[in-house]
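Just so it is clear, A, B, C, D, E and F label the chains in written order, and each chain counts residues from 1 on its own.
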Amino acid sequence: MQLSNLHIERIVRMALEEDLGHGQDVTSNLLIPAGAGASGVLRARQDGILCGLMLALSAFSLTDIDFDMTIEAQDGDFVKEGQIIASLTGPARSMLTAERVALNFLTHLSGIATLTNQFVEEIKGSGCEICDTRKTIPGLRMFQKYAVSIGGGANHRFGLDDAILIKDNHIAVAGSIDEALNQVKMLAGHTVKIEIEVDTLEQLQEVIDNGKADIVMLDNMSPADLKKAVKMVDGRMSTEASGGVNLSTVRAIAESGVDYISVGALTHSAPAMDIALDIDV
Amino acid sequence: MQLSNLHIERIVRMALEEDLGHGQDVTSNLLIPAGAGASGVLRARQDGILCGLMLALSAFSLTDIDFDMTIEAQDGDFVKEGQIIASLTGPARSMLTAERVALNFLTHLSGIATLTNQFVEEIKGSGCEICDTRKTIPGLRMFQKYAVSIGGGANHRFGLDDAILIKDNHIAVAGSIDEALNQVKMLAGHTVKIEIEVDTLEQLQEVIDNGKADIVMLDNMSPADLKKAVKMVDGRMSTEASGGVNLSTVRAIAESGVDYISVGALTHSAPAMDIALDIDV
Amino acid sequence: MQLSNLHIERIVRMALEEDLGHGQDVTSNLLIPAGAGASGVLRARQDGILCGLMLALSAFSLTDIDFDMTIEAQDGDFVKEGQIIASLTGPARSMLTAERVALNFLTHLSGIATLTNQFVEEIKGSGCEICDTRKTIPGLRMFQKYAVSIGGGANHRFGLDDAILIKDNHIAVAGSIDEALNQVKMLAGHTVKIEIEVDTLEQLQEVIDNGKADIVMLDNMSPADLKKAVKMVDGRMSTEASGGVNLSTVRAIAESGVDYISVGALTHSAPAMDIALDIDV
Amino acid sequence: MQLSNLHIERIVRMALEEDLGHGQDVTSNLLIPAGAGASGVLRARQDGILCGLMLALSAFSLTDIDFDMTIEAQDGDFVKEGQIIASLTGPARSMLTAERVALNFLTHLSGIATLTNQFVEEIKGSGCEICDTRKTIPGLRMFQKYAVSIGGGANHRFGLDDAILIKDNHIAVAGSIDEALNQVKMLAGHTVKIEIEVDTLEQLQEVIDNGKADIVMLDNMSPADLKKAVKMVDGRMSTEASGGVNLSTVRAIAESGVDYISVGALTHSAPAMDIALDIDV
Amino acid sequence: MQLSNLHIERIVRMALEEDLGHGQDVTSNLLIPAGAGASGVLRARQDGILCGLMLALSAFSLTDIDFDMTIEAQDGDFVKEGQIIASLTGPARSMLTAERVALNFLTHLSGIATLTNQFVEEIKGSGCEICDTRKTIPGLRMFQKYAVSIGGGANHRFGLDDAILIKDNHIAVAGSIDEALNQVKMLAGHTVKIEIEVDTLEQLQEVIDNGKADIVMLDNMSPADLKKAVKMVDGRMSTEASGGVNLSTVRAIAESGVDYISVGALTHSAPAMDIALDIDV
Amino acid sequence: MQLSNLHIERIVRMALEEDLGHGQDVTSNLLIPAGAGASGVLRARQDGILCGLMLALSAFSLTDIDFDMTIEAQDGDFVKEGQIIASLTGPARSMLTAERVALNFLTHLSGIATLTNQFVEEIKGSGCEICDTRKTIPGLRMFQKYAVSIGGGANHRFGLDDAILIKDNHIAVAGSIDEALNQVKMLAGHTVKIEIEVDTLEQLQEVIDNGKADIVMLDNMSPADLKKAVKMVDGRMSTEASGGVNLSTVRAIAESGVDYISVGALTHSAPAMDIALDIDV
């Protein structure tokens, strides 16, 4: 995935304005002369997968056009504690003003990429893929999903509009799985995929019999049931396990043979990765 | 703290539009008749401190004006697994459309309030207070800081503009701690507090000798050094410990006698609290 | 499809502000007393499919909360010349102020729905569906696609993000149809459909052999070739004809057996439907 | 007329964001390497008046700063089928991403300029001018009116605020044509022109007798009545015919001697002009 | 003039957000219980012309929907020191939060209306009108011009787009007054008035000879020259004096017989009128 | 204080769009050829303190990137009537388009800086400082406060969020000065200063006895009472006089020994400073 410049600029500008509040970095304005220069290096303080470098650098360049930046690592690189990510020189005042916003993006997105990567590594060789959910931090979905992809994960739908996901309540209103799928197949645009959530193997059989779903989400099933489910589906649609997934359960789930495992924690509970800006004024 | 309605409406509207993407909940539009009603309950799926209820409810009311809502718990309440937080009735389609945005706010902010509360409980009786930092998720700072206050924590400054925090780089440019403080005291508005960060007791002594700081941040000091620092300060300004704080170290730090402990993890690494919407269509 | 209230309000507010310019309806402000009332009826001046009523009514209610409105027809209704669509009573000044914006939405979207319906009627019984494209008027895509669906058409993708459409240039860079499809299948999220455009039956054969596309777009083929193409595909994926479609060619294309025909003219060249507001002051 | 850069940038940015939806061109991101270059030419696929080139080019430059563009034709030029309008080289991925937005502006505005020009050509030599109305597509009024001027038409008022247009309902509330004109003349700013709409020659006589109008709009009159009207007015104010104007009626209307003919269809019903981007990757 | 609700809401919301900064009235939140009520009266602290009441009241209602308000005076009323303008009851916390924004609008706009009125009174009986200019405070033009009209003044053009004003530099580029007027008359839309600025009676004669201007601005002329100018014009166009106008010079200027006198000070230098909110908690 | 580029660009863009209305400078577009160049100088037409130069220059550079500008004076300089502030060369059309917006910022902010400076000069040598209030023009607070600082004044709080100011109504609800201060001290963040307003020396004594306020605002006291108040406070907190301050009273107030005098008139009633753009086309 490539982030759009328009989206990067918009979100970074918003973050800078949030931090500036009424409009100034009062400390730096009082203590750092307008003309003073500084150099700095973005440096990992722990091991992890780097993500969000373009947002971090934009925080500096949107604050001041006079920064020179050299990139030493790329989004997706595994960086080690102490490793230099990028170095920059420019106005000292603006460097201090933009520092926190730059780091807030970088540490948050690298945290997501790193956690995603741990899940991905955990199921290595299983042929299964880790994917994200819509359980994201409001305002950052695109960027969080980008971080998941940088960490080696796949992206589930981006919103309510770009894929159909039929859940229990939709089925209840439609009357049955069969009716829900028929109705959706008839009415949905042909460029939209249809996914349906099931809790039991009986429900799964209904989905298989209907034949119109592209993906089935197997919700909160045991690895044993997942295995049966995969066998039942037999490649006729994609299978996705969800619910109760963590680093200690994910391997067993993956070995059930499902195609995808969706993990809300990637985006709603990833701890930040520690990255700092070492400044030399 | 009370959140402004204007800010709540703005952020919830943004989140709804993010989730709607090009503009529709395609699944619910296809499967739920326009006139169908539903009732639902927001229910805790784990113990924790509730936070963000007004944002969650706004997600429903901004999607559709036809919701009736009954509040069963308040921000700041400790809710138990299974406890009902609020119940709502209204149009089924809109309830499903707004569900994820409502929960994304509620689970994220309750996660922060809950983690904050764990820190607060950990140092109970010490006379010390837990506070937040500017290490927040871009776009949500006000709401995250609200969650910290709901969890029993105190708020550090909200941005670069509302308090002075002199760090090592500022001191380096100014020439010395003494010069930095003198310069700031002379130039800063009289309604703004002055905080300065020190790494050593020698630096602390300079700050004490100068006498112009309102708060001193004691960065990465051992509990033993913090104790000495508190003694040296002797009530002449507020003391704040920061760096390397986690749930297992915080008690020892608090017992050093410092007034405040600032914890970045409250806002950058709090796991979401599990809360769900149980819908009856 | 149901339009989101948030999107309706945003676009109508924008349109009202555009028409108010510096901020006033100078004629009505000078001539209509603040307290004067009026009644009006929205009336079709030609036969057609009504679309956009909610936007039209929002133009009045966002200008002034004091309107009473009675709806006499619904989006999707075929209305005859002279037929009343809705009646409203309220402040005369605001009715005159909002009139043009209300009509601009209503006539434009009804024009699209009506044109779409003509295409749909033209191919009635063929089993084929008419769908739209991304050739839309900037800023109105969601609303124009809504109008297509109201007119009986289907919606193609809403943007660059919600489905994959591999065109000649993508194939050229990838090296071949086979490589393009393999690459996309491997990297794309599992909730996203893959469509590929082909110009010749040879290319189509490559797509069929590869087997990873969900939809094939048959670009600018004669009805005869389309017929061959449909036979070759034999139900293994959806088929979509595009290029050179107009009301006199569409029937022959539909009878080739393709599943979908995409028509750019629906959204880029639909003439407005004539609808007026008859006011009684 | 010259379009303001601020307005161009705002509308093009909006259009790009609309097309990017959640934020990416998923096809191009998956298939086009970040470093790949491409060249392309904007080429007319039918004869017409070019309009909107600056918006089209902005779509590319706002997506990516690395485009080189050479302009081969200007807004207002009559371009022939096959003629090259502009050529560009730059990043292949961004060229594909921006293509549709660029073309949507260019084909829509050139369509309006071309249709306007047909009306203008139709009445050549009559001394009469074709002008637009407020019957525009919401959000694009300024750009549509620019296209009318590029096509050789004149601009009527841009909104409710920049000129007075007294219609039947205003007259009804004021009591009479005389009272309406007197009231407006007394209260309106001196920099604002006064136009009044009449349906009959009797009403026209009242307007003439009053003497305060700058322009009279002769609504839905036959060419014969228009001729009489022009004679009655005898140069004391501008005359504008409106209603029921199309390419087959416009010449007769113009020959009545009216100064202006306003045509809603220019902006609400102009078919797009076919223009394409031929890309070489 | 009537202010549009959309514009009022937008500007008041902006002002409230500006005052709330990161998002709270920290004092009131800490000291006023959420449920506490209060009553208050808006009261003039000096004599003057009231203006901006709807903006002031919107500051309260946008902060909290639970206000009851009684209006005791209207925009345009001459209020005496001590006179009650409006009374309100509602939540104490929100009343205190909105107070300053409400007053900032009310005192600024009433200040403009009052100053305008002083100019208007000063030239009473002369038949001349006072009007404003584009020398306004950025962001508030519409509201400042509304205040001028409330104070009894007339409005000059609202922006660069709604009337033509030819100044010395335009004339210099065009070559001569005659050429400038001819060019503009030929190219401008027929709904737009043409004003031209002259410094000397010789220039005025050129304007008169040309005959295409609707208004002539007589810049920085003495009352004696203005008198000659009015005689020369002899009713063939509107005359407007500008430059060096203040309360002691305005009467003499008005008595020269010019139709309008434009005064920049009305909007760029009007002192605020003193109005307060007396609160009873 | 340094203004943030982000804030400058946002406000200047807004002002340009306000002046352009529907989107064009109709006069310059009709009379100035696209390629014509011009040179101009910003020149003071009266003595005063320059302020807002960056905003003025941004008005030109945001309108057109092709301006060359040379700065001859800086914000804060005392400029004499006739002195050149900056010179610019660039496109004539854009120079005329941006002129008024540039001057509106420059004359308004220089007016504030100049008035502030008059107050500052008036109390020279007293050791007291002049500061601003929240009585500002909506939308311009940050810029007005910047102008106050440029004029030699100090800044009071920027909004409701960055300092606590306890007024009579807060005290009334809290029950007493003592309770209000205790409550605020206990609940407020440690980075926020506490100011309290008193009307009498008795109230002041309560504040002194409580000991928790950082600043006391002495409202509407006579110089004699202020003197007593300063003596009572005896350096234990900052003292601020407010109410009834003008250029003839300020010296006496300052000589009372108070630390700060807050003056609403600086931002709500400063007359514009006369500055012009002399253009050579």
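As a convention for this text, contacts are C-beta pairs under 8 Å (C-beta built on N, C-alpha and C of every residue); 3 or more make two chains touch, one makes a residue touch a chain.
All values reported here derive from a predicted model rather than from experimental measurement.
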* Touching both subunit B and subunit D (chains) -> A, C, E, F
* Asked: Is it true that over half of the residue numbers where subunit A touches subunit F are used by both copies, so same, or is it different?
  -> different
* Between E-F and C-F, flag the pair that has more C-beta pairs in contact. => E-F
* Look at interface C-E and say which pair in A-C, B-C or B-D is its repeat, using the rule that over half of the contact pairs are identical by residue number. => B-C
* Whole-Å separation of chain centres (CA-atom averages), subunit D against subunit F -> 44
* Structure fact -> Whole-angstrom distance, CA centroid of subunit A to CA centroid of subunit B, is 22
* Send over the residues of subunit E in touch with two or more other chains. => 20-24, 26, 97, 141, 158-159, 161-163, 192
* Asked: Taking touching chains as linked, do they make an open path (line), a single closed cycle (ring), a hub with spokes (star), an all-linked set (complete), or other?
  -> complete
* Structure fact -> As the complex stands, subunit C meets subunit A at residues 129, 131, 154-158, 161-163, 189-193, 195, 214-215, 238, 240, 259-260
* What residues on subunit C touch subunit F, complex-wise? -> 21-22
* Structure fact -> Residue set of subunit A touching subunit B in the complex reads 11-12, 14-15, 18-28, 30-33, 36, 38, 92, 96-97, 100-101, 103-105, 107-108, 111, 134-141, 158-167, 169-170, 172-174, 180, 183-184, 187-188, 192, 264-265, 268-272, 279, 281
* Tell me, which parts of subunit E touch subunit C in their complex? -> 1-7, 141-142, 158-159, 161-162
* subunit A residues touching subunit F - in the complex, by the definition given at the top -> 13, 16-17, 20-24, 26, 29, 34, 62-64, 93, 97
